[in-house]
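Quick one: structure below, then a few questions.
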Amino acid sequence: MTEGSATDPIERSLFEAPTPGEQERMVEAVLFASAEPVTLAELVARLPQGCDPAEALVTLRRRFEGRGVQLVKVGDAYAFRTAPDLGHLMRKETTEHRKLSRAAIETLAIVAYHQPVTRAEIEEIRGVAVSRGTVDQLMELDWIRFGRRRMTPGRPVTFVVTDHFLDHFGLETTRDLPGLKELRAAGLLDNRPLPGGFLPPDDDEAPTGQSELFED
Amino acid sequence: MTEGSATDPIERSLFEAPTPGEQERMVEAVLFASAEPVTLAELVARLPQGCDPAEALVTLRRRFEGRGVQLVKVGDAYAFRTAPDLGHLMRKETTEHRKLSRAAIETLAIVAYHQPVTRAEIEEIRGVAVSRGTVDQLMELDWIRFGRRRMTPGRPVTFVVTDHFLDHFGLETTRDLPGLKELRAAGLLDNRPLPGGFLPPDDDEAPTGQSELFED
Amino acid sequence: MPDPDPWDQSDRLATSDRQAAEALIIDVDGFEGPLDLLLSLSRTQKVDLRKISVLQLAEQYLKFVSEAQELRIELAADYLVMAAWLAYLKSRLLLPPEPGEDGPSASDLAAHLAFQLERLAAMREAAARLMARDQLHRDIFPRGVPEDVTHRRDIRYDASLLDLMRAYARIRTRDDFRPFVMDRDHVYTMEQALERMRALIGYVGNWAELTSFLPEGWAVNPQRRRSATAAHFAAVLEMAKRGQVSIRQDGLFAPVQIRRIDP
């Protein structure tokens, strides 16, 4: 133990903040000890007063570049994670992976790329009803959650992806989703309603309207 | 993904061992991700053939000297540990997470959905008495607080949720809470709907139960 | 070999077509709705989804549906809805627009369908790319031992929004289901009343009103009063049958009175 007494860090903080090197050590220790990403705000709260974890994070991130363990950013939070190319060494730790259904995977992608998105919009994109089990499963995995209500008639709830989703797929933000820019540029993330509003899959009146068409 | 092909590491191991730097990365990742200290024998088994984890451990240990995290020997196994002088930063890691009791979570849900709500109303909705401990606990967690008094006989106090509650549950307002219909659509309700439909969430009327069956 | 006659030719074509259609139909369970089926059909055109011939696609789809019906395969309603819509679209695409016609043009509708298909295909691809990423606990690993350094224990109660919503759903559904369950709170059974009256009847030497026998707490609330009154009335009828009590009533709706019959 280098510190003589427990009051040491407190006393010190009254006079001066720890050196940058010391701060980096602290951030390193805190992040290493946590399995979950730690937010910047939390780091600020945990480190002695006067520390600037943001700066420490920058140097720390650089220090671990190319190492077996890397400092990654997840939303507003930071975590150490093993380098992706070494995954094969760790497979032993792997817990059983639940196989996601195609519906669940597509729904997840739609939420991620179109968020915030309502159920009706998901259904319009997929062309089929979204089963309750699918949404439930994605919520259980803590990959999607309810977002704000849409300010349209009926005020439907929306779905958004969680930070846990970002963490799981190694994304810093949803802006890093693969191909997002291209999809947006191609207009494929637009919510384009059917001209004239005749929408077969979720128009409630379709069955009656349809029978007339069949009669012809 | 840096791995060009799945066969890469295997193929390479047939001809030559990874470089010492590469071996160090591997040991680093394995020790980081392992739930238990790892023995030398285990490292040998995990790493590609021809690796010398003992040497990698030496360089790795040196690399982490003076850092926030250190490579320590535990019995005849190896593990990363927080530097002893930074133990005070880890206090938060020892928090024990416990699930709220069913009574507490139900009470909290009722306050969130019906606020401002009196104790009597909570009891009416839950159908059982609300213990003092439950309310105290929710107040202590700073999830609910006293609201304005109700202007009815007895002027009972009401409960409302706090900003801290909204923050914790990632809500901007309680209006963003999904209604029963939406909960059901998301598969969060196990029960099938009644043929006659169900109570909307903002229906403040107390359950009438069977009174209608007996009323003249 | 003689020239194959036209019949033979068409028959052969039809067979190969039908085989193709059957291959699709056998797979009908594999399609996730009409849009998915349309997307699969569009693949056979082997063109950019933006340049797809919606008319041709509509025909392929309608053919698929009619063949499915020939083979007596039950198609879900939304497949038929889509078929009807495509038939409508097809007719609009083939006929010149009527002068003064309102609403979107046929080409707008066709363009929208192409857009929908392209968007679905794009989302499929995006989903595949997402799932191909390195995933936590599969390719990337977090710290194996979150450290436990000090012995200070700070108990933190935790609940997620999901817990909260489930709790609320649980409470509210309980209410929904109340009418299905006999609500015993306000029900006094005849068995209970009989047992009670047996104990009390010894004290009833003179005529006494039945309502005065209602148990405490059952005389004020109208719902409970009605239940208790009915139960007690039924109980004394039973006792009268056994010759244990006499019952009388002075007039219609007058109080019911009872008296013990001494053996």
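Details
In order of appearance the chains are A, B and C, and numbering begins at 1 in each one.
Methods note: a contact is a pair of C-beta atoms (placed from the backbone, for glycine too) under 8 Å apart; a residue touches a chain by one contact, two chains touch by 3 or more.
Given the structure is predicted, the values throughout are model-derived calculations rather than measurements.
Interchain contacts join each chain to each other chain, per the touch definition above. Of all chains, C has its CA centroid at the greatest distance from the CA centroid of chain A. Work out the mean CA point of chain A and of chain C, and you get 30 Å between them. Rounded to a whole number, the gap between the C-alpha centres of chain A and chain B is 15 angstrom.
Taken residue by residue, chain B touches two or more other chains at 1, 29, 32-35, 82, 88, 90, 92-93, 170, 177-178, 184, 188, whereas all remaining positions touch fewer. Within chain C, residues 134, 141-144, 146-147, 149, 160-162 each touch two or more of the remaining chains.
Interface residues of chain A facing chain C in the complex, by the touch rule stated above, are 32-36, 79-84, 87, 90, 93-95, 97, 100, 102-103, 105-106, 108-110, 112-113, 124-128, 139-140, 142, 145-146, 167-171, 177-179, 183, 186-188, 192, 194-196, 198, 200-201, 206-207, 210, 213-214. Within the complex, the chain C residues that touch chain A are 32-36, 77-78, 80-82, 84-85, 87-88, 103-105, 108-109, 112, 115-116, 118-120, 122-127, 129-131, 133-144, 146-147, 149, 160-162. The touching residues of chain A, when paired with chain B in their complex, are 1-3, 6, 9, 24-30, 32-34, 46-47, 66-69, 80, 82-86, 88-90, 92-93, 119, 131-136, 139, 145-149, 156-157. Those residues of chain C whose C-beta lies close enough to touch chain B in the complex are 134, 141-179, 183, 185-186, 222-223, 226-227.
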